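Read from first to last, the chains carry the letters A, B, C and D; within each, the first residue is number 1.
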């Protein structure tokens, strides 16, 4: 595996992007996501209107992987129904675990976030890649009173 | 080494002897000697008059080695000046450590207690053999305000 | 007796192969090791797995952002999962690694007990507890003002369940008991004790140090709140033990030791703590011990827990039968019911330390003393006892040699 | 620089021989292990000594009345004596074996601190403490009402001795400090700190986890009351650590954990405790770890503590000089005075975790994160840092490869 498959153009660009990096005073829910071992530390905010995520943003600091992943997540879920966002979480976590490998499905659903596929070969960095997704999962579980994704 | 050199006739007889096994209400000093790991548990009493040990006795329970050693010690020090008892302790401990090996000296000073010489080959039982001697050493140290034997 | 002899001849596993895994048997001697309740021997597989870990997977677990750190973390995670599966805990997060069973029990004392007990409460333990499940409760009683009471034994050295039922009440806040005595071999009905404790709302703490090595333990089936055991009594290295605790309780209690890895945020004047089980594992942990324990569990399950239990029971039964033939011997071991392979006894007229020394001379390793159970020994009316305790790598021949050596004890001690 | 290069070429010991003792260097890779402050690697001698212990000397220490129990006891006694000699304690009884430095520091907290501190008292620690000498004092402060204060750092990342002198007073009951920072490499003047503490009647607790592996320590010369360190940071296995304590203090304080071996008499409602150090060692102890530690000490002394200190200092100085050549790099390491071989740094624009991942890809193992020093990192204004830390088996070539790999970091992170 080449490191440039991890630190790909998509990930490097999104890690620096400030498109989704802003405070959201009228958020429906904000949760902190934290990796105590490495210090990735984000606050993820979303706004839900009529079961649709109408806005998603984040603040915080962390490595390129965590920041890119969070930014891509925000872009991906904006405008999507909550139920669909939940499906995306499942697909993303399934991809990272190596359980979902069909590229056509992954690309269709996750779009640019498919760039994290190779993270499954770097166990130490998996936590960085999934941080935002787990945080969103927690928000959805709390908002809808459902179980978190395994 | 043959076990019968440890459990010799002298030791077996003295371990059963009740000659020095009695309470001493008018003792100058009584100390408890205890081996927490094996449970040997004696009370050694001595009476000192004009710097001479005029009586020595013990009560308690323990293995044949500890009981024989205690009994022999009582017999040996009775009637001796405290300073001489202190010398006997040094000789006995020196013998057990294998530092004093000259049989003629040992037999002359320690008499029957020379029977413990072979204990130095059984490290696990050394504590049993020296229990009474260390207890006496403590008594003497307290009574005379001197250091204990190393 | 026929069934016993049959079992000893056909243990249901490859005894010779098993014995070839234990290096101590190669020592010039021979050494007949019958002190397994103190600590077992370790098979080469366990020792070699530890060495390999230290050679090729050694890094600081949970910390490294590199290959060796990841290897050590993986070793830790896998070992925890192995232990969780072994005792069937609902979650790996309920497995806390400690130094030994003693520390596991102290953890419960320092966290749950000091914060929850108060004057008027009762702590109920048993007469046969090891000091490690005894002195800690004295400490808790002294610190909190709770009362420490004891469940007594029957004349067959069983736990007296009637006494238990008469002593337990709504005042009883914790029932802490040994699931297998290290001296008598007594194995009380752990499920029943827990059931009754729950009816009174008491917390249950199981000292399973002498149970886990011998009998398959299922913590969900037992439904205990805490369960403690030591690796070194089940083929694993020294220095590693386990506290199982129900997640809902672990989540609520305070941490025990403080330091690296057990924290979340550290501010100047206060901190928040990591999730369970990490909250209870301060500082760099003994991953070498953990992989050793996981390998030991593999070994035990390869031989088969049922095989082990049946074979060890046959060893113990055979040994008791043989001891009963000897004159002037007192045996402290239940004759009825389930029991573990530890048997205490005294040769009348011979102090246990002399007995042990003479047996050692014949290459037979047993233990003499109070076995960290002074209160039990006061009850037995003995300052000390001898104890033999078996593992599945022992043999009938070894017991025969032990019995033979006991004859020499009578001879040397001039017991006629 | 010439002197540094000379030392790196002629370390004064057989570097090739040393490197052949470490199996991780045989791994396909290669692995350039620069994470020694987290945990060192262990030479084959240490690993093999442990294996031998488990194969042929394995019994329950302090308990056995037989040959193997005696062998284990002897191994324990000899290891304690080895440690005592190594740090020159007055008596072997002043050496308590613990799991790690964290536990050693918790022991002081739970015994001395909880019993002796009260509202109005001050606990003085430093800004650079590891969480293991930080969170425990927060706990002590919260439990006793004492106040927790911090000695700050100078702009050269040294301990600010003026700040220390301004903060210490008769209210200061304990000065607990790291003798070597695991992040900065800072080595404050331990003797001076202790001298000043004593003038104010304060107890002194030295966290020597990062000192003992690098510099010869003499506790009588330091005159500290307590000193803690971990075996795994000095070639020994995981799971073994040491608390040195002055006998007169150890004799006075309460026990920490309760259980087997640490008692003298156990009555139903109260107990008396064993002599030091046994009073503090509850349950079956990790003799495997102890013999590993003793063997590690032998190894270190064979190479020579002075050789090690000088060579490691050359490695660190060389590395700092090389790092200083790189653009956009912040180095957190004193430029003046004595310092240990740990160097923290940040590549501006690249998060430490990315740096560590990219270096790992090149086979270079460093650590990224807060290194269990969140308060220090807040002071540095960094969420996290990179850290390289050397041992005497590292080489100049390894540093060169590390620096080369750092160039690739700039490349991959597109730092231009």
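The criterion applied here is as follows: a residue touches a chain if its C-beta (ideal position, glycine included) is under 8 Å from a C-beta of that chain, and two chains touch if they have at least 3 such contacts.
Because the structure is a prediction, the values reported are computed rather than measured.
Colleague: Going by the contact rule set out at the top, which chains touch both chain B and chain D?
Modeller: A chain counts here if it touches both chain B and chain D, which gives C.
Colleague: Weigh A-C against A-D on C-beta contact pairs and write down the one with more.
Modeller: Here the pair linked by more C-beta pairs in contact is A-D.
Colleague: Which chain has its C-alpha centre farthest away from the C-alpha centre of chain D?
Modeller: B
Colleague: Based only on mean CA positions, could you tell me how far chain A sits from chain B in angstrom?
Modeller: Roughly 78 Å separates the two chain centres.
Colleague: Averaging over Cα atoms per chain, report the distance between chain C and chain D in Å.
Modeller: 32
Colleague: So how far apart, in whole Å, are chain A and chain C when each is placed at the average of its C-alpha atoms?
Modeller: Their C-alpha centroids are separated by 46 Å.
Colleague: Would you kindly tell me how far, in whole Å, the mean C-alpha position of chain D lies from that of chain A?
Modeller: 38
Colleague: If I count partner chains per residue in chain A, which residues reach a count of at least 2?
Modeller: Each of 37-38, 124 in chain A touches at least two other chains.
Colleague: Two or more other chains in contact with one residue: find those residues in chain D.
Modeller: Within chain D, the residues that touch at least two other chains are 63-66, 69, 263, 265, 352-353, 357, 360, 368-369.
Colleague: Where on chain A is chain D touching in the complex?
Modeller: My answer: residues 3-4, 6-7, 12, 37-41, 61-65, 67, 122, 124-125, 128.
Colleague: Okay, in this complex, where on chain D does chain A touch?
Modeller: Residue positions touching the partner: 350-354, 357-358, 360-361, 368-370, 383-384, 412-414.
Colleague: If we count contacts the way the header does, which residues on chain C are in touch with chain A in the complex?
Modeller: Per the touch definition, chain C meets chain A at residues 62-66, 69-70, 73-74, 263-265, 274.
Colleague: Residue numbers of chain C touching chain D in their complex, please.
Modeller: 23-24, 27, 29, 31, 33, 35, 38-39, 41-42, 44, 46-48, 50-51, 54-56, 58-60, 63-69, 99-103, 105-106, 109-110, 130-136, 138-139, 141-142, 148, 150, 230, 232, 237-241, 257-263, 265-271, 282-289, 352-353, 356-357, 359-360, 364-369, 372, 374-375
Colleague: Given the complex with chain D, which residues does chain B contribute to the contact?
Modeller: It comes out as residues 34, 36-38, 123-124.
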